[in-house]
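Take a look at the structure below.
Chain lettering (A, B, C and D) follows the sequence in which the chains are written, and residue indices restart at 1 in each chain.
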């Protein structure tokens, strides 16, 4: 078992993401996590957009964020994602948001695989088992 | 030909809608317009959600907003919508946003009817012709 | 010690809140929580907008959501909020999102009081101590 | 008088930006415009974040978008911005959104310079007159 793969993206803070406190509103961090998760999935060799077209969804069942310092308009932050746990039907991702050397926020999301045809939980699609296990480092 | 029907809704400004200027970010007004448009459609006797399920979409082809004064967190604004023009394949809506006696913004949107099965423009569905004509006051 | 006060609001799902999965995108729930929290604060006799003007902020330090079923465009959901724990410098709120008899999501947020003049953590402002203690049921 | 400068950015469509129609919700385009406008301002030698800190705002007074085709999750679009007209107190920007060779949307925004200290309209700050005139190609 090796280290999980970690995808890292840069996000330029949008003016629309700030609130009257002068920092990024906290509800935007899950959206940034999703961008990093998309980048991580891409490393499996399959875009998440393609995975959906192929008939499976990774539905979010839990999302948590801890905030340490606020990102500001003018900042470009780095967001990274990795798979922390993976089971046959579920995946747990972890995230970090950095502004240079400062950790602004951490978070995690739980997901369950859903079959689009039945709208019901299912096992990870066979063709993704190996690539996602590699991402997870297991 | 009579006056067009006007639907009016109340919207409580959300903290997340403000930006660091201390007012509602301008990109939120089209979202409020949509709430008022939904309320107006409901007056036809058919929820827009049902219209979509029945197989038709009102796709936005143009959206314009003029801003006079900023809405603020703590405000509850009134948003109204009416149909300004209606043709066999298109509809034009107009909107106003008020804070008590003060007009904060006006706007308009153009839409084209789309058939979900073909994803192509089409005529207004037959069952909506009469109710929407009444809304339009024509 | 009595039961904490629970504020309840109705939220009409916005089309813009849905995503291509056909349900409300998960990042919108913290925004709904905030609306319910605003309603709860109002019960203290002080609007949160006024509390900010008076020089204090309730900064979010943690936010968590558990999702059970997706809200859809066409739904009007009920969101409630209560104070679960309160200390001299921090507050923890809990939330529920219901669609009639169906619990769609639960969540919680942690906050710290911030003085706007210093931008630093502080104790709950004196004038809010008693009203917020009553909300918390302690 | 030469051609106006045109800033171009790439935007990866976010899942949260899609709606149940399967395309990017129309209210997100003004947010993308803002990213391109920020990139254009940067070419003046002054970040818009710095311009605000220095005491001036470019308040939006009008925003219009025309939609030709929908951007989708999985797309990376190109958004460009240029100054179309500039007067002592106002600026008009124009925008285009492209997906490879396909023009998805066009738009424009009007802005007025606001002094933060007075919250009132004012002339373009002296230090920006020359750099912005160059951007405008006049």
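Everything that follows uses one rule, which is that a contact is a pair of C-beta atoms (placed from the backbone, for glycine too) under 8 Å apart; a residue touches a chain by one contact, two chains touch by 3 or more.
What you see is a predicted model, and the numbers here were worked out from it, not measured in a lab.
Engineer: Considering A-B alongside A-C, which chain pair is linked by more C-beta pairs in contact?
Structural biologist: A-C
Engineer: Measuring centre to centre with C-alpha atoms, which chain is farthest from chain A?
Structural biologist: Greatest centre separation from chain A goes to chain B.
Engineer: Rounded to the nearest whole Å, what is the centre-to-centre distance of chain A and chain D, using the mean of the C-alpha atoms as each centre?
Structural biologist: The separation of the two C-alpha centroids amounts to 29 Å.
Engineer: So how far apart, in whole Å, are chain A and chain C when each is placed at the average of its C-alpha atoms?
Structural biologist: Here the centre of chain C sits 24 Å away from the centre of chain A.
Engineer: Report the inter-chain centroid distance for chain A and chain B in whole angstrom, where each centroid is the mean of the CA atoms.
Structural biologist: 34
Engineer: Where in chain A do residues touch two or more other chains at once?
Structural biologist: Within chain A, the residues that touch at least two other chains are 15-16, 20-21, 27, 31, 34, 73.
Engineer: Report the residues of chain D in contact with chain A in the complex, numbered from low to high.
Structural biologist: Against chain A, chain D makes touches at 12, 14-16, 30-31, 34-35, 38, 47-50, 72-74.
Engineer: Report the residues of chain D in contact with chain B in the complex, numbered from low to high.
Structural biologist: Residue positions touching the partner: 20-21, 26-28, 30-31, 34, 52, 57, 59-67.
Engineer: Which stretch or stretches of chain C touch chain D in the complex?
Structural biologist: Residue positions touching the partner: 15-16, 18-23, 25, 27, 73.
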